[in-house]
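Before anything else, here is the set of structures, which you'll find just below.
The two complexes that follow have chain A in common; it is paired with chain B in the first and with chain C in the second.
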Partner chain A sequence: MISLLGRAAILVALAACVVGAIAGIWGGVTRSAEAARWSRWMAWAFFAAVAAATGLMEYALLTHDFSVHYVTEVGSRSSPTWVSIVSLWSSLEGSILFWAFVLGVYAAGQAWWTRSRYPEHSAYAMGMTLLVGVFFCYLVAGVANPFTLVDPAPADGPGPNPLLQNHILMVIHPPALYLGYVGMTVPFAMGAAALLAGRITPSWSRALRNAMLVPWGFLTAGIILGGWWSYDVLGWGGYWAWDPVENASLLPWLTSTAFVHSAMLMERKDQLKGWTLTLLMASFLLTILGTFMTRSGVFNSVHSFTQTPIGPVFLAFLALCLVFSVVLLAARIDKLTPPQEGLSGPASRDTAFLAQNLVFAALTFTVLLGTVWPLLNEAMSGEQISVGEPYFNKWGVPLGFLIVFLMGVGPALPWGRASGSAVVQRFLVPLGVAAVVVGGSLAFGLRQPWPIAVFAMSGFALVVSLQEMAAPGLARWRGKGGSLVGAMLEGTLRTRRRQAGYVVHLGVILVAIGVAASSGWRHVHELTLVEGQTGQAGRYTLTYLGHELEREAHRTASVARFHVAVDDRELGVLSPRMNNYEAMGRPLPSPDVRSVPAEDLYLSLVQVDPKSGTVSVQAVIQPMVWWIWVGGLVMAVGTVLAAWPSRPGASRKAGAPTGAPAGAEGAA
Partner chain B sequence: MTQAVQRRLFLVVALLVAGGALGVIAMGGIGENLVYFWTPAQLHQNSDKAVGATIRLGGVVQAGTVDWQQGDQLLTFTVGEQTVDTATPVVVKAKGAPPQMFREGIGVVVEGTMRKDGVFAADKVMVKHSNEYRAPTEGVDPESLYATVEEL
Partner chain C sequence: MNWRVLIIGALIVIPLVVVLALGFGRDPRALPNMMEGQPAPAFAQEVMDQGTQIALADLRGRPVVLNFYASWCVPCAQEHPWLVKTAPGYQQRGVVFLGVLYQDEPAKGKGFLRRYGEAYPTLLDPTGRMAIDYGVAGVPETYIIDGQGTIVKKFTGPVVPDEFVATLEALL
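Here is the complex of A and B:
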C-alpha cells in the first residue's frame, strides 16, 4: 500500500516539476505574470507531493513495513526509533528521496520569497529550480526508486550501516550537508535567470547573495559537524583526512565562499559579474559532482560506478549542467552591462577581495585535482592509487595561511584608493598584536613555523575584525555624543549585515587557531595494560579499571574504563568502547574524549582481550580541538545574523551600511 | 586604463596564476604523494618503486607467521595473496597492538612502505571488512567476536 502511494506521490511531484519548469521559463521569455504564477503553484505542488512521499517513507521505516524495497535494505526491527528515522538518509535511494524533499522545501521557499518581487527574473529562476527538480524526481521515480514493492515481504532487515548508528550526530550532520548541497540550486537558478534575462539589477544581485548565504551556512555547519562526527566516531583521533567524501563537501564550500565575497564587489561596484556568476555555476556543478562521487561508489573503483544504476545518469546530468552553464555564460556574459568603474589601486580592499578569490580558486583547483586524479589515473592506466594527505597539506597549509592573512589585511584596507600613510596607521595595532603573538609563542617554547604563523595572522585578523565591528558605533558616538554604550549598540544594530560578516570571520579565526594547534602538536601514545595497571600517555596517567560487556538490542559493546590523572590531580574516568553490531561482523571502536579548551585527551580502543585481560588503547593528545567546534558555532551564528531577512522596505537601509567605506566610517 | 583592457588584464593574470599552479603541481605535488593499492604479487612486480613509496598492501595473514611482542609493542606477520601463499609473501612489521579481530587467515590492509631489506614497515594495520551487511546470525556468542591473536 505504502509502496503504491509513495510511487504515486513521486509521479505527482515529477509532473508538477515538469509543468512548473515549462511555465517558469515560458513566463521568463514572455514576461507573462500568469505563467509565473503557474510556476509558483507548481512549486507548491512539488513540495506537497515530495513531502507526502517522504512522510510515507518515514512511516514505512517506523512501522517496519518490509514490503517497501528501501525498508528491506536499511530497516531492522531491533533499531531504536531514532535510528529508524535517520535511516531515511543512510543509503542511496533514501538519500535521493531526501534530496528531492529538501529541494521541495527550497522551491516552496523560493516561490514564497519571490512571489511579488523581481518580476524580471523570478519566473526564470523558478523554472530553473523546478528543472533541477525534474531530474531528481526522475531519479526517485526511476533508477533509484525506494518505493519498489517487495513481495513476499521479508520478516526483518539488516539495519543501516553500523558506522552511521554509532553516534547521535548522524541525526543532524547529513541533513545540514544536504540543506547546503541542495540549497545551491536556488542561487544557481537565480544566476541562470540573470543570464537568461540578459540583465542583472542591483536588487537581484543582492537577492542572489542572500540566497547563497542560506546554503552556505548549512554547508559550513555540515562540514564542521562532519569533522566532529569523524572525530567522535571513527576512532582514529582526527577530524579531517582529505578523504574524497570530505573533499566533495569542501569543494563547493570553497567556490561559494569565494562567491559570497566577489558578489559584494558585484553588488557595490558592479564589477566582476562574469567571474561571480562563474563561481555560482561552479558551486552548483561541484555539489552535483560531489553527490555523484559520494553516491555512485566511483571511489571504490572507477569501474564500479556503473554497477549502481545511478552513476551513469548522474554523470550525464553533470555533463548536461556543465555544458548548459558554459554555453549560457559564453552567450550572455557580454549582454550584462559592463562595469561602471575600474579596479582600484593595489593597496585597497577591492584588491584584497580579488586576491581572496584567486586563493580560493587555487585551493579549489588543487583539491579538485587531488580528488579526481585517482579516478583519471585508474581510467587511463588501470592502476589503483590514491593521492596521499601530504599532497593536500602541502597546498592546503600555505593557502589556508594566505586566507587568514587576507582576512586580516582585507578589512583593514579601505575601499578604492588609499593613501600610504593611512594604510600604515591602520596596520600598526594589528601588526603589534601579531608580533606579540609570535614573541609569546617563541617564549613559550613553541617552534613550529606554520602554526605560529597562523597564530600571528589570527591575532592580526582578530584585532582588525574587532576594530571593524566597533567602528560604526564609535563613529556614531564621536559624531553625535551621548552614551558610549548606547552609541555602540545603535551603531552595531544598524550595521547588522556587516557585523554578521565579521562574526563569521571571528569563527573562521577560531577554527584556524584550533586546526593549527591541534595538527601542529598532535601526540599519539599506545598502551597495552592489564586490569589495575597504570601507564603514561604524555602528562596523563591512565589506570585501566576493567571492562564490561553491554548488551543492547542491535549491538553488544565492550566498555573499558580508564581512570585519568595529571600529576596526582584526578580528572575522572573515560570509557572508550568497542561496539559490535551483529550485522557487521567486525567490532567498531567508539572513542571517549576529554575535551577542554586547552587540550583534548582522546582514548580509542585498539583491542580488548577478555581471555588474557589486556586492553590496548590509543591515546591521542591534541591541543585546542575544542576551539574548532566553538568556531563552527560562531560561524553559524554569524551566518544566521547575515541571512536573517530584513523588514521589507528596510532592506535598502539595512543593506546600505554594509557598503559604506570602512575607512571613512572609522575616520568620521 | 579602459574597462575592456582592465578586464582582459584581470583575465590574463587569473589564467597565469591558474596555469602556474597547474604547472607546479604537475611537476611535484601529486607524483610524490601517491598511495599505491597493491597486492603482494603487485608489490613484487613493482619492487623498483616500492622502497620509500606509500603503499596500501592488501592480502591475507599467513598461518603460523604472527608474532606479537607485547613488551616492545612490535607486531610481525606475513601477508600473502591467499590463505596459503608460498610464491609472494611479504613480511610486515608494525608498531602497536594488533587490531581487534586480527588473526591468521583474515584479510588485512596494511599501510606503510617497503624498507631496503625487503621488510614492509607498516604504520597502520586494518582488518578488512566488507560493507555488505549480512542478516544477523542466530546463536553467535558476542564474546567470541572479541577473540584475538592471543588465543590462536
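Here is the complex of A and C:
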C-alpha cells in the first residue's frame, strides 16, 4: 500500500515540476504574469507531493514495513526509533528522496518570497528551480526508486551502516549539508534568470546575495558538524582528512564564500558581474559534482556508497548543467557587462576583495585538482596514485593563511582611493596587536612558524573586525552626543548586515586559531596497560580501571574505563568504547574526549585483548580544538543575523552615518 | 556570444566530464587482484637511517613482504603493531620484510616507528616512483612477492592476518 502511494506521490511531484518548469520559462520569455503564477502554483504542488512521499517513507521506516524496498535495505526491528527516522538519509535511494524533499521546501520558499516581487526575473528563476526538480523527481521515480514493492516481504532487515548509527550527530550533520547543497539551486536558478533575461537590476543582485546566504550558512554548519562527527566517531583524533567527499563539500563553500564577497562589489559598484555570476553557477555545479562523488562510487572514500546505476545518470545531468552554464554565460555575459571603470587603487577595499576572490579561486582549483587527480592520472597513464594529505597541506596552508590575512587587511582599507597616510594610521593598532601576539608566542616557547603566523594574523583581523563593528556606534556618539552605550547600541542595530558580516569573520578567526593550534601541536601517545596499571600520556596520567561488555539490541560494546589525572588533580573517568555491530565484520572504535578550551584529551581504543587482560589505547592531545566548534557556532549566528529578512526599505535606510566610507553592507 | 568565455569554459568542462566518465570503468575496491601474478617491478631504494641500498634483484630466492605506509595514515598505525609482532618469526624462516615510506618525510616516518614499533628496515621513495611502479592507490598496501619475483598477493588497506599468514606459509 505504502509502496503504491509513494510511487503515486512521486509521479505527481514529477508532473508538477515538468509543468511548472515549462510555465516558468514561458512566463520569463513572454513576460506573462499568468504563466508565472502557474509556475508558482506548481512549486507548491511539487512541495506538497514530495513532502507526502517523504512522510510515507518515514512512516514505512517507523512501522518496519518490509514490503517497501528501501526499508528492506536499511530498516531493522532492533534499531532504536531515532535510528529508524534518520535511516531516511543513511543510504542512496532514501537520501535522494530526501534531496527532492529539501528541494521542494526551497521551491515553495522561493515561490512565496518572489510572489509579488522581481517581475522581470522571478518566472525564469522559478522555472529553472523546477527544472532541477524534474531531474531529482525523475531519479526518485526511476533508477533510484525507494518505493519499489518487495514481495514476499522479509521479516527483518540489516539496519543502516553501523558507522552512521554510531553517533547522534548523524541526525543533524547530513540534513545541514543537504540544506546547503540543495539550497544552492535557488541562487543558481536566479543567476540563470539574470542571464536569460539579459539584465541584472540592483534589487535582483541584492536578492541573489540574500538567496545565497541561506544555503551558505547551512553548508558552513554542515562542514563544521561533519568535522565534529568525524572527530567524535572515526576514532583517529582528526576532524579533517581531505577525503574526496569532504573536499566535495568544501569546494562549493569556497566559491559561494567568494561569491558573497564579490556580490558586494557587484551591488555597490556594478563591477565584476560576469565573474560573480560565474562563481554563483560554479557553486551549484560543484554541489552536483560533490553529490556525484558521494553517490556514484567513482571515488574511494569513507562516504562512498556502492557502485550504482545512478552514476551514469548523474554524470549526464552534471554534464548537461555544465554545458548549459558555460553556453549561457558565454552568450549573455556581454549583454550584462557595461564597459567598466578600473578598480580604485592598489590599497583599497575593492582591490582586497578582488585579491580575496583570486585566493578563493586558487584554493578551489587546488582542492579540485587534488581530488580528481587520481582519476585524471589513471585515465592518462593507467596507473593509480593517491594524493594524500601532504599535497593538500602544502598548498592549502599558505592559501588559508592568505585568507586570514586578507580578512584582516581588507576591511581596514577604505572603499575607493585611499591616501597612504590614512592607510598606515588604520593599520597601527592591529599591527601592534599582531606584534604582541608574535612576541607572546615566542616568549611562551612556541616555535612553529605557520601556527604563529596564523595567530598573529588572527589577532590583526580580530582588532580590525572589532574596530569596524564599533565604528557606526562611535560615529553616532561623536556626531549626536548623548550616552555612549545608547549610541553604540543604536549604531549597531542600525547596521545589522554589516555587523553580521563581522560576526561571521570573528567565527572564522576562532576556527583559524583552533585549526592552527590543534594541527601545530598535536601529540599522539599509545599506551598498552593491564588492569590497574598507570601510564603517562604527555602531562596526563591514565589509570586503566578495567572494561565491561555492554549489550544493546543492535550492538555489543567493550567499554574501557580510564581514570585521568594531571599532576595530582583528578579529572574524572573517560570511557572509550569499541562497538561491535553484527552487520559489520570489524569493531568500530568510539572515542571519548575531554574537551576544554585550552586542550582536548582524546582517548580511542586500539585493541582490547581479553586473553592477556591488556588494553591498547591511543591518546591524542590537541590544543584548542574546542575553538573550532565555537567558531562554527559564531559563524552560524552571524549568518542568521545577515540573512534575517528585513522590513521592506529598512536595509536602505541603514546606511551608517560613519566617518568611514563603509555603508550598510560593509562586510560579510 | 563571448568566445573567450566559451573556450575557457569548454577547456575546464570537457576534460572534467571525460575523466569522471572514465572513472566508471573501474570499481575502486576491485583493484587488489590486478597486480597479482605479475612480475614485481624492480626497485633499488635507499634504506632510511642507513644510507645503504636494497634492490629487489638482490633478494631473489627469498619471499618478500613490502608494506607501503605513512605516518599520516591511520589504518597504517592500526595494522603496524600486528606486522611488528608477526615479522620476527618469518624473518627467521627467510622471509624479507620491508616497509616503504609513502609520501612522507623520513623524520615523521621515524617517529611513526618509534611509536608503533620497528621490526624491519624502511625504504625511502622520495620521488614516489616505486609507489607508482607498484600501482599504490593509497596506504596501507602490502605486497607479498615469491622467490621468483612474482607478486602473489596484494592487500589494499590493512592486511588480513589469516590470509597473510596462509600466503606466507604456502611460499615456505
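Going forward, the second predicted complex is superposed on the first by the 638 of 668 C-alpha atoms of A that agree within 3 Å, B and C clash if a C-alpha of one lies under 4 Å from a C-alpha of the other, contacts with A are read in each partner's own complex, and residues count from 1 in each chain.
Throughout what follows, contacts are C-beta pairs under 8 Å (C-beta built on N, C-alpha and C of every residue); 3 or more make two chains touch, one makes a residue touch a chain.
All figures in this text were calculated on a predicted structure; none of them were measured in a lab.
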Quiz item: Is this a clash or a fit when chain B and chain C both end up on chain A?
Solution: clash
Quiz item: Touching A:A319, do we find chain B (first), chain C (second), both, or neither?
Solution: second
Self-check item: Touched partner set for A:E526, first chain B, second chain C, both or neither
Solution: both
Quiz item: Looking at the overlay, what does A:P610 touch: chain B (first), chain C (second), both, or neither?
Solution: first
Practice problem: Once the structures are superposed on A, label A:P390 by its partner contacts, choosing first (chain B), second (chain C), both or neither. | Solution: both
Self-check item: chain B versus chain C as contact partner of A:S419, first or second or both or neither
Solution: neither
Quiz item: Should A:T63 be classified as contacting the first partner (chain B), the second (chain C), both, or neither?
Solution: neither
Practice problem: Would you sort A:R551 into first (chain B), second (chain C), both or neither based on which partner it touches? | Solution: first
Practice problem: Figure out whether A:L354 sits in contact with chain B (first) or chain C (second), or with both, or with neither. | Solution: first
Quiz item: Once the complexes are superposed, what residues of chain A are shared between the chain B interface and the chain C interface?
Solution: 383-386, 388-391, 526, 606-607, 616, 618
Self-check item: Parts of chain A lying in touch with chain C, wherever the complex brings them together
Solution: 236, 238, 274, 292, 296-300, 304, 307, 311-312, 315, 318-319, 322-323, 325-327, 329-331, 333-334, 372, 374-376, 378-379, 383-386, 388-391, 524-526, 606-607, 616, 618
Exercise. Could you please specify the touching residues of chain C with respect to chain A in the complex?
Key: 1-3, 5-6, 9-10, 13, 15-24, 26-29, 31, 70, 72-74, 77-78, 81, 102-104, 115-116, 128, 131-132, 135-139
Practice problem: Note which residues of chain A are touching chain B in the complex, please. | Solution: 156, 158-159, 161, 275, 338-339, 342-343, 354, 358, 361-362, 365-366, 369-370, 373, 383-391, 394-395, 526, 528, 549, 551, 556, 558, 578, 580, 582-587, 589, 605-612, 614, 616, 618
Self-check item: Parts of chain B lying in touch with chain A, wherever the complex brings them together
Solution: 1, 3-4, 6-7, 10, 14, 17-18, 21-22, 25, 29-30, 32-37, 54, 56, 70, 73, 95-102, 127, 129, 131, 133-137, 140, 142-143, 145-148, 150-151
